[in-house]
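Two complexes follow with chain A in common, the first pairing it with chain B and the second with chain C.
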Partner chain A sequence: MATQTASSRKSLLLLISQHPELGVIASFSIIALAFLVISPDKFPTSSTLYSILTLAGELGVTSIGVAFLMITGEFNLSVGSVYALVPMFVVLMVDAGMDMLLASVIMLSVAFGIGVLTGYITVRTGIPSFITSLGMMMFLRGILLAITGGFPVRLEGSHWLTDVLNGAVGVEGLRTSAAWLLALTLIFLIILDYTPYGNWTYAVGASPATARELGVKVWRVKLVNFGISSLLAGLAGLMALSRFKIVDPTLGQGLELEAITSAVLGGCLLTGGYGSIFGTFLGALLVALTRVGLVLAGAPAYWYSAFIGVILIIATIINTYVVRKFVTSG
Partner chain B sequence: MDKLLEMRGIVKRFGRVEALRGVDFHVNRAEVVGLVGDNGAGKSTLVKTIVGVYHPDEGEIYWEGKPTIFRDPGEARAAGIEIVYQHLALIDLLSISRNIFLGREPVKRIGPIAFLDRRAMDEQSWEIIKSIGLRRLRSPSERVAKLSGGERQSVAIGRAMHFKAKLLILDEPTAALSVRETRKVLDHVLEVKNQGVSVIIISHNIYHVYEVSDRIVVLDHGRKILDVRKEEVTPEDVIEVIRKGEPLQKAGS
Partner chain C sequence: MSQQQKSKGTALAVYIIIGIIIGAVLGYAVASMTMVPYSKYAALETELEQYKAGAGKPGAPEYTFYYVSHGGPADPWWAPVIKGSQLAGQMLNVKVVYSGPEKFSIQALVDLLNSAIAAKPQGIILTITDYKALDEPARRAISQGIPIIAVNVPDPRPANQRIPYLSYVGQNEYDAGYYLAKYLIDKGYKPKRVVIGIHEVGHVGLETRAKGITDAITQAYPGTPVEKLDITSDPTKAAEAFKNYLTKYPDTDVIFTLGPLGAHPALQVLKEKNLVGKVHLLTVDIDDVILKAIENGELEAAVSQQPFAQGFLPVVFMYLYVKYGIIPPAHVPTGPTVIDKTKLDTVRKQIATTGGA
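Right after this comes the complex of A and B.
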């Protein structure tokens, strides 16, 4: 009997240490419950769910890439700029007569290249990626403002690709971005936890020197993951374009920090080597849930940021405690 | 005799410091060589030169009779050299099984995609954990951060032995171990030798080295000052050579 309790306690500890997303599941449930109590008739409806999914779509797709790179031990602050750059150039190309699919493929390749370049500068010089990607963020944003003169550009005509990327499904507000978010979450969750490449990603994030000694190509993993973070940000930007049909040169400002928020809520450590894609997905949902819930509760929109700030700090305190207690201590 | 590894006239400089000053060194097949010497003698530099962490400035290296200089540890590993570093090369945040198979994960292909064969990883890790005799049996999915110093050392050695190397290099394998754990490690050295594996064992503890070695090599300030079959010396002789930093003066000679 005693040994049974001991072993079930031990497996509980193992469960906690293996699931960085437990914290976000708990906070998500608590906050959802709170909104349920505050607005019992408006909150639990399918249109509320669809609003949350729509808000979470673009943020979530960006956050997955940011989280994947964060687990690799690096930051990419330029995702917000790439999020605007890709749709901006796609609009300019399409309005000049190019096919939208072709323009998108070209610009997504450019986005991947921008990420790899940021990564290359980072690993080559040894400068922290916080700085290199900050520089890239400002550089790209400057280009956007310069070529548009600060004015938004509009996507003319209709294009089947916008329906695929973020079209309405039915009349209640569900959009295809939800499917993209779910699919990409699943794909990157599988890559991270069920392929050798994911194992290398964890290892590079936790200890690049040791990973190198054991034959992992550290540079390649970092460059590819920088590229992925940028690529997903570009894709999310195209999803935003598909929803609004217009791109403002300031689109996505601050998105890099919201993406980091989702990743950290989801259990990713800023120091790398630890985190969860599913947790990040829930982190993005939690951010969206908070925004929608506050509106339904009748709170002024300004409160949203304050609320997220508090949630972020509390969740991080809990996550840090869990990591110290169950993961890194002997 | 059939030489598995031979190094001739190896010189390695770091800036103006000559860490290795023309070292000749070899390992025969199924032979255990004890590599000893004081701090800074060049033992770790020598083994890191073998596995391609460092590249020699002068000299030649022959692996299985062919001139070979490994570009990086991955290449040396692929050729059949396993090294257990003093710092063990384990990643705290990863599970035991992920550590054991890092860089050479078993995969199961489904279509074009190679997935981790997690069951094989866990099963083989479990075998390794049992064979190295951790005091408490640990689940392969436990993180390395949770292990004691001796348990980590056992996992690192278990990993190296699992991959059927031709040459196993152990850098201070018993430094952090209890008496019981040390016994295990020394038994393992003899066991792999019987399977035909060659071993280089570096240690400060001459008695541990002496017990398992066939031959003893002493380095001092980047030079080899002793290279004898174990039967020709006593552990006390070896300690004397290391202390004086000069070759053995036999009484009466």
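Right after this comes the complex of A and C.
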């Protein structure tokens, strides 16, 4: 009897340690329940759900890349600038007569290249990626401002690609950005947890030296994951462009921190080697849920930031506790 | 061995990418040196060029003025201000140095003001974005004999307490909100519920505009709910915030926004939810998206503060003061001017010639 409880307890611990997203599931449920109680008539509706998914769309797609890189043990603060850079240049290219699809493919490749470059500088020099990507963030934002002179650029005409990236589905407020978010979550979840590449990513994040001894090409994994984070940010930027057809040079300022917030809420450790794509997805949903819920609850809107700050700290405490208790002690 | 070769291949690819990016940057740098800045506004450019080439103009500028503002190059609203200040400088043969932080930051503004004072110019033109933070450096400048003209945001304190600047050139933010809301009321419309989307919470100017709107409506119709909504400067968040507010309060029939960053997503929401004509949208500040929306009847009215004048006039007043001792009037208003369908043509002229309204 005693051994049975011990073993079932052990399997519970195993479950917790293998699922970093449990913390965020708990906080997500509690907060959703709270909003449900506060506004029972407005909250549980399809339009609210669609609004949350729409809000989480661009943020979530960016966060997946950021989380993937955080699990590799690195940061990319330049995602907010890439988020604006890619759509900005796509608009400039389309205005110059290029097809939007071609322009998008080119700019997404450039975004990947920017990520790889940031990674290369980081790995080559040994400077923390916090600094290199911070520099890249400022550099790219400066280019944006210099080129536009501070003016927004507008996408003239329409293109089928905008409907694919972020078109309206029905009249209730559902958009294709939600489908992109779900699909990318699934893809990266599979890559991270069910492919050798995912294993390498965990290994590089947990201990680069050990990973190298085991034959993992640490360099390459890091560079590719830097590229992915930048690529996904660019894609998210294109999604924002597709809806509003306008890019302000300030677009995406602060997005990098929100993406890190989502990833950390979702159970990613700042030190790398541990985290979850599904958790990050829920983290982005939680951020969106809080924003929507507070408006629907009729709360003074200025409280949002304070609220999300408290949630972030509590969720991180839970995650750190879980990790210290169940992961590092074996 | 082969692994080494492979990583050499990776390194080569990376070098190529670095090369492309450096090349692009250098290319842009060369292009920007040979290109005339602000090339969007051809008429103004030629005018400036003429002054630059100016027959018989003396070479060295007579005075140097610093234009220190919270509006950085990121905010398109400030582009005509910068141009206005530069054109006045060219015309009067004065060097006008414009400096503003890239992102809204009071600390950065104070730092810029301190650098301006250190440069010992003949005059400083300053936005009093935060009178507490700017009080000490501004008074120090004045005590050193550098006159100050306030623009865009005044010191809100009574005359005997405020920073002793020569004059304030600009619209009163409170009036901008007040007269915009009054426009709606004067048309005979009685709002049921009003929401004000604020895209930079804590910005004194925006909060004051919102207060002007609130006062105008509650004075005319006491008891009408008027609420502020934090929409952030991100379009997706702004759009969804408006949507959720409309879900929460379906009786909302008037939306005010305090700048293009709020007006663009609000327009999008009205279109997506088929609320054009049912919900009245009014905004402060103007750009071509907003003008187009006024023309199409999607947006009721916008208030313009004629930013070019806020760049041009203070330089002229500073020049008159420094050169001839002419004391400017205490307040030179540049607005608010409410733009609706009837005034579109005049505003278009202003935009075509100055780049903003």
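Criterion: the second predicted complex is superposed on the first by the 329 of 330 C-alpha atoms of A that agree within 3 Å, B and C clash if a C-alpha of one lies under 4 Å from a C-alpha of the other, contacts with A are read in each partner's own complex, and residues count from 1 in each chain.
Just so we're on the same page, a contact is a pair of C-beta atoms (placed from the backbone, for glycine too) under 8 Å apart; a residue touches a chain by one contact, two chains touch by 3 or more.
Note that the structure is a prediction, hence the values are computed from the model and not measured.
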Query: More residues of chain A are touched by which partner: chain B or chain C?
result: C
Task: Pick one for A:Tyr120: touches chain B only (first), chain C only (second), both, or neither.
output: second
Partner chain(s) touched by A:Tyr202 [first = chain B, second = chain C, both, neither]: first
Message: Under the stated touch criterion, which partner chain does A:Glu256 make contact with: chain B (first), chain C (second), both, or neither?
response: neither
Message: So in the superposed three-chain picture, is A:Glu74 touching just chain B, just chain C, both, or none of them (first/second/both/neither)?
response: neither
Field: Which of chain B and chain C A:Ser51 touches, first, second, both or neither
entry: second
- request: State which residues of chain A lie in both footprints, the one left by chain B and the one left by chain C.
  value: none
- line: Listed in rising order, chain A residues that touch chain B in their complex are 14, 17-18, 190, 194-196, 198-200, 202-203, 206-207, 210-216, 273-274, 327-330
Task: Would you pull the chain C residues touching chain A in the complex into a rising list?
output: 3, 7, 10, 14, 17-18, 20-21, 25, 28, 32, 37-38, 40, 72-76, 78-79, 102-103, 201, 228-230, 233-237, 239-241, 243-245, 247-248, 260-261, 264-265, 268, 272, 274, 287, 289
- line: Seen from chain B, its contact residues with chain A in the complex are 53, 72-74, 77-78, 85, 89-95, 98, 101-105, 107, 113-116, 118, 139, 141-143, 145-148
Message: Under the definition above, what is the set of chain A residues touching chain C in their complex?
response: 39, 42, 45, 47-48, 51, 54-55, 57-58, 113-114, 116-117, 120, 141-143, 145-147, 149-152, 154, 168, 171, 173, 217, 219-220, 223, 240, 243-244, 246, 248-255, 288, 291-292, 295-296, 298, 301-302, 304
